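Chain IDs A, B, C and D follow the sequence of writing; residue 1 opens each chain.
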Amino acid sequence: MTTPFKGIIAYPVTPFQADGSIDAAMLTRLVDRMIDAGVHAIAPLGSTGESAYLDDDEWRLAAETSIAAVARRVPTVVGISELTTQGAIRRARFAERLGADAVMVLPVSYWKLTEAEIMAHYRAIGDAVGLPIMLYNNPATSGIDMSPEFIARICREVPSVTMVKESTGDLQRMHRLDQLTEGRVPFYNGSNPLAFAALNAGAAGWCTAAPNLNAALPLALYEAITAGDLARARAVFRRQLPLLQFIVKIGLPTSVKAGLRLQGIDAGDPRLPLRRLGAEHEATLAAILAALEE
Amino acid sequence: MTTPFKGIIAYPVTPFQADGSIDAAMLTRLVDRMIDAGVHAIAPLGSTGESAYLDDDEWRLAAETSIAAVARRVPTVVGISELTTQGAIRRARFAERLGADAVMVLPVSYWKLTEAEIMAHYRAIGDAVGLPIMLYNNPATSGIDMSPEFIARICREVPSVTMVKESTGDLQRMHRLDQLTEGRVPFYNGSNPLAFAALNAGAAGWCTAAPNLNAALPLALYEAITAGDLARARAVFRRQLPLLQFIVKIGLPTSVKAGLRLQGIDAGDPRLPLRRLGAEHEATLAAILAALEE
Amino acid sequence: MTTPFKGIIAYPVTPFQADGSIDAAMLTRLVDRMIDAGVHAIAPLGSTGESAYLDDDEWRLAAETSIAAVARRVPTVVGISELTTQGAIRRARFAERLGADAVMVLPVSYWKLTEAEIMAHYRAIGDAVGLPIMLYNNPATSGIDMSPEFIARICREVPSVTMVKESTGDLQRMHRLDQLTEGRVPFYNGSNPLAFAALNAGAAGWCTAAPNLNAALPLALYEAITAGDLARARAVFRRQLPLLQFIVKIGLPTSVKAGLRLQGIDAGDPRLPLRRLGAEHEATLAAILAALEE
Amino acid sequence: MTTPFKGIIAYPVTPFQADGSIDAAMLTRLVDRMIDAGVHAIAPLGSTGESAYLDDDEWRLAAETSIAAVARRVPTVVGISELTTQGAIRRARFAERLGADAVMVLPVSYWKLTEAEIMAHYRAIGDAVGLPIMLYNNPATSGIDMSPEFIARICREVPSVTMVKESTGDLQRMHRLDQLTEGRVPFYNGSNPLAFAALNAGAAGWCTAAPNLNAALPLALYEAITAGDLARARAVFRRQLPLLQFIVKIGLPTSVKAGLRLQGIDAGDPRLPLRRLGAEHEATLAAILAALEE
């Protein structure tokens, strides 16, 4: 387990201007803000970053801007969620040329994929780039669910796949994956409300959009658990849980962009058909954020 | 209910050449073959046509080629399954300019959509083009499930939505939709193994990829049911059911392209990560097709 | 396929007196009423009859009363839904001694059963009694789901299992079962809103609680379909569909007992924790029943 | 939170003799063995104890035997999983007369229950006995799923319900319940493979059948977590996880009785239709148990 990725891996939203184009200056600002706050890595173009909604030129601009903003202060892992293998390879190569430290690959389905098709997808990307790959399992967005047994097999057969991000919210899968890989493949938590449990269970890191709105609390949770201070970890987790529950319930781009606006930062709206958070939910979010300031 | 669409609505696959580019000549041939066999409408760029896997240029070529091949001999409905509202509008406008008779719109999710978001998506497309819209519900591929109650509401609020294609395979939804719209919105069956039941229940048509491989049997089923000949309908349905079950189980592009190859027609392979049908399944398909020739 | 069971198989509720004991006189009256109306068979102690909620003495009284009331005017099939194999055998033997024509056996789970355990359950009952067994698949109440493939295997291996009642509401299972048994095992529809489709698809009968409230419409549907009159079948089904949807949505004992009360027949309330239908739902049911009288 | 129940709450199997009757002497021995090993409470007649499969006389014998065997050395909570409210009250009263410290009540469904019906069920039992009630949520066996919001409401409205056992295996529900009750209602983990996470998250105890086979490891896990020793907790949990996964995958009565036999203790077989563990699985279990002895 020799990965530079551990701790709080922060997922910036992709800010849009009023005309729908990417706001590169704001993206730079968001990345800076999170690194200044102490996050351990940056992951542009994840689910939070509306990766799947961007065309090739936009995706490249967002990748380029993010990686330049990071400027190697922390490692970067770039998200790829493409329907076609060729599209995934094209984006992975681009990320590699830009100097990303890793790519995070989510196999997306329209037609369901067989295990052989998923395996070949990872293998083709692994053959095409020299970067380590973080396998990403998130059936709720991708429509594809990979079992711990199958994930462990991919890790064995595709050497580039050296990290696993699990977002099902099923803790038993992390225990199972850890068993099957005998602790040799670092796993990351992608289900925000499961962060406390996953880090306790040995997750190498927590992939989260929460630092867009509040980086201090996720960092404090990670530090309490690495320090073995269970009581403090419980307390700090309880404190941030309402925020985590809210952003997951609403969806990350919608809720995070609304929260940024409440904090005086205009990152625009999510891309249609996703819409700006409604007034009632916005009031709830305002109350949640205010409580964290106390 | 004044729609030109009824009966067997045939979904051509999108053929690829060895280099992965669209084989327009073969697409023309497939469309011709199905019209010659008597199908009542052509629907390019459906799920069968790998619509979601094509880039804009490819999608336009497939639309253009198909509509030209049909040459107004039967009506055409062009499939649109885009993540973004802007992308869906762009494709719908293109279809309109080419002379399509309707567009079939599937709201695709990465992030789950609220009902307000889905409604706004249909409204925006309806405002952008003058064509009638066939609403398409297919949670297995799109990740979005619209209830009959919600679909009926869309039909009321968005005047362009004049047809509904249901692919959940739940017959009760068709009964329910028919109740809620008081029989005024024609509905179409998109679940192949449910064709017999759906047509009995009053479906205006059956949207199917089966005519790529065999148009005679779907047409015979439709004719038997419109003639009120239940015994013949049962017999002709039983005869084709193994083919319908197989193509649904395997996935339409993969199974239909394999079947075409068995019939001596090279429409290429589905696009990666989808892969050519394996040898064992191919043997099963060969046996199923052979039995239909007897 | 030599079974006496076909057509409308009516499931009486088990009426209770105010003190919670079985109202045998009312049970006799309900059975009489349905036979007088023309139903083709009677099935006491089904899900509708709250079979699972009765102790052994009550169950015997209900079985005895029903079979005596039928008096061989039509065939009877007695429902058995017991957690233990011994309990199921005890009840099956009792039904046999009373002169039942068949038993309908639902394997009920607390702990999930393996296929070997379910097979042994049916085999043990088959060995213990000389009656034909109607296998009953209803995962929503029993917690056990048997695939068409497994059901077909039970039919092959346990000769007493000569009929299958499917209540999943998935029409494709009926097609599949019919394929797998080559049409030799009569199947029955247990999902009320699927009655039209199931009878069209060749179901030998429809197991239903609806005749407690209205026997004429289910009988008319069956007759229209056996006469091959699809238009009339559709019309008569549309007419009764709101009633079928309502009783399924609410649950059969609760809704049927409420409907009987609205018709001036006091069959008591369902057994606690099941409760009498609330006022709002009762008003809906009254409107549905009134519409059927027009 | 003034409950005597915390730590490892052990669920004895109900042993049967060869003729199917309860083996009271063996039940006494199993209870003794677990108390001697240090478990903090005994819970006879849980899911493990095949409570749902016993008739009234058997249930009473098992309750009586267990409570006498405990002899107030540790607290006892008696499991009740009855379809009818009257049956649940009858058993709760019996447990009270015998001196149980609490009853654990699982609402079991045949017909689905509304929230009003479930609430009334708990209220009726609460009114009938003076014992505290542990609400038990286990949709996999009972067919009823209670949300954290609804459970919190029951706790507010039925004063006797003072404890909650959650067996869904969804850790977020425990966090949510803790939020909703502001930490005032102790919750217990009923999902064995979730034990580490649940105790970390603040569960008051772990309800488990594992001590039938090995009490030392669950006790060591509880102690490590209460001592705040996360590293030791992880290690001791990893060690016992294969056993926990196995008994959950197979089902508790079947796997625990097989394990006892491997340890030289004849507790009989589970009651039909449940069957003795097959040879292949038995070999797996033998290996798992042997590894724990090393």
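Keep in mind that, in the parts below, contacts are C-beta pairs under 8 Å (C-beta built on N, C-alpha and C of every residue); 3 or more make two chains touch, one makes a residue touch a chain.
Just so it is clear, the model here is predicted, and its values are computed rather than measured.
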item: Each chain counted as touching chain C and chain D at once; value: none
item: Chain A to chain C, fewest steps along touching chains; value: 2
item: Chain B onto chain D, rotation angle from CA fit, given as a multiple of 5 degrees; value: 180
item: Interface numbering overlap (same over half, different under half) for chain A and chain B; value: same
item: Greatest separation from chain B - chain, by CA centre; value: D
item: CA centroid of chain B to CA centroid of chain D, Å; value: 51
item: Cα-centroid distance, chain B relative to chain C, in whole angstrom; value: 38
item: Multi-chain contact residues (two or more partners), chain B; value: none
item: Touching pairs among all chains present in the structure; value: A-B, A-D, B-C, C-D
item: Chain C residues within the chain B interface of the complex; value: 169-172, 175-176, 178-179, 193-194, 196-197, 200-202, 225, 228-231, 234, 238, 241-242, 245
item: Contact footprint of chain B on chain A as seen in their complex; value: 20, 47, 52-53, 81, 83-86, 107-114, 116-118, 120-121, 124, 140-143, 251-254, 270-275, 278
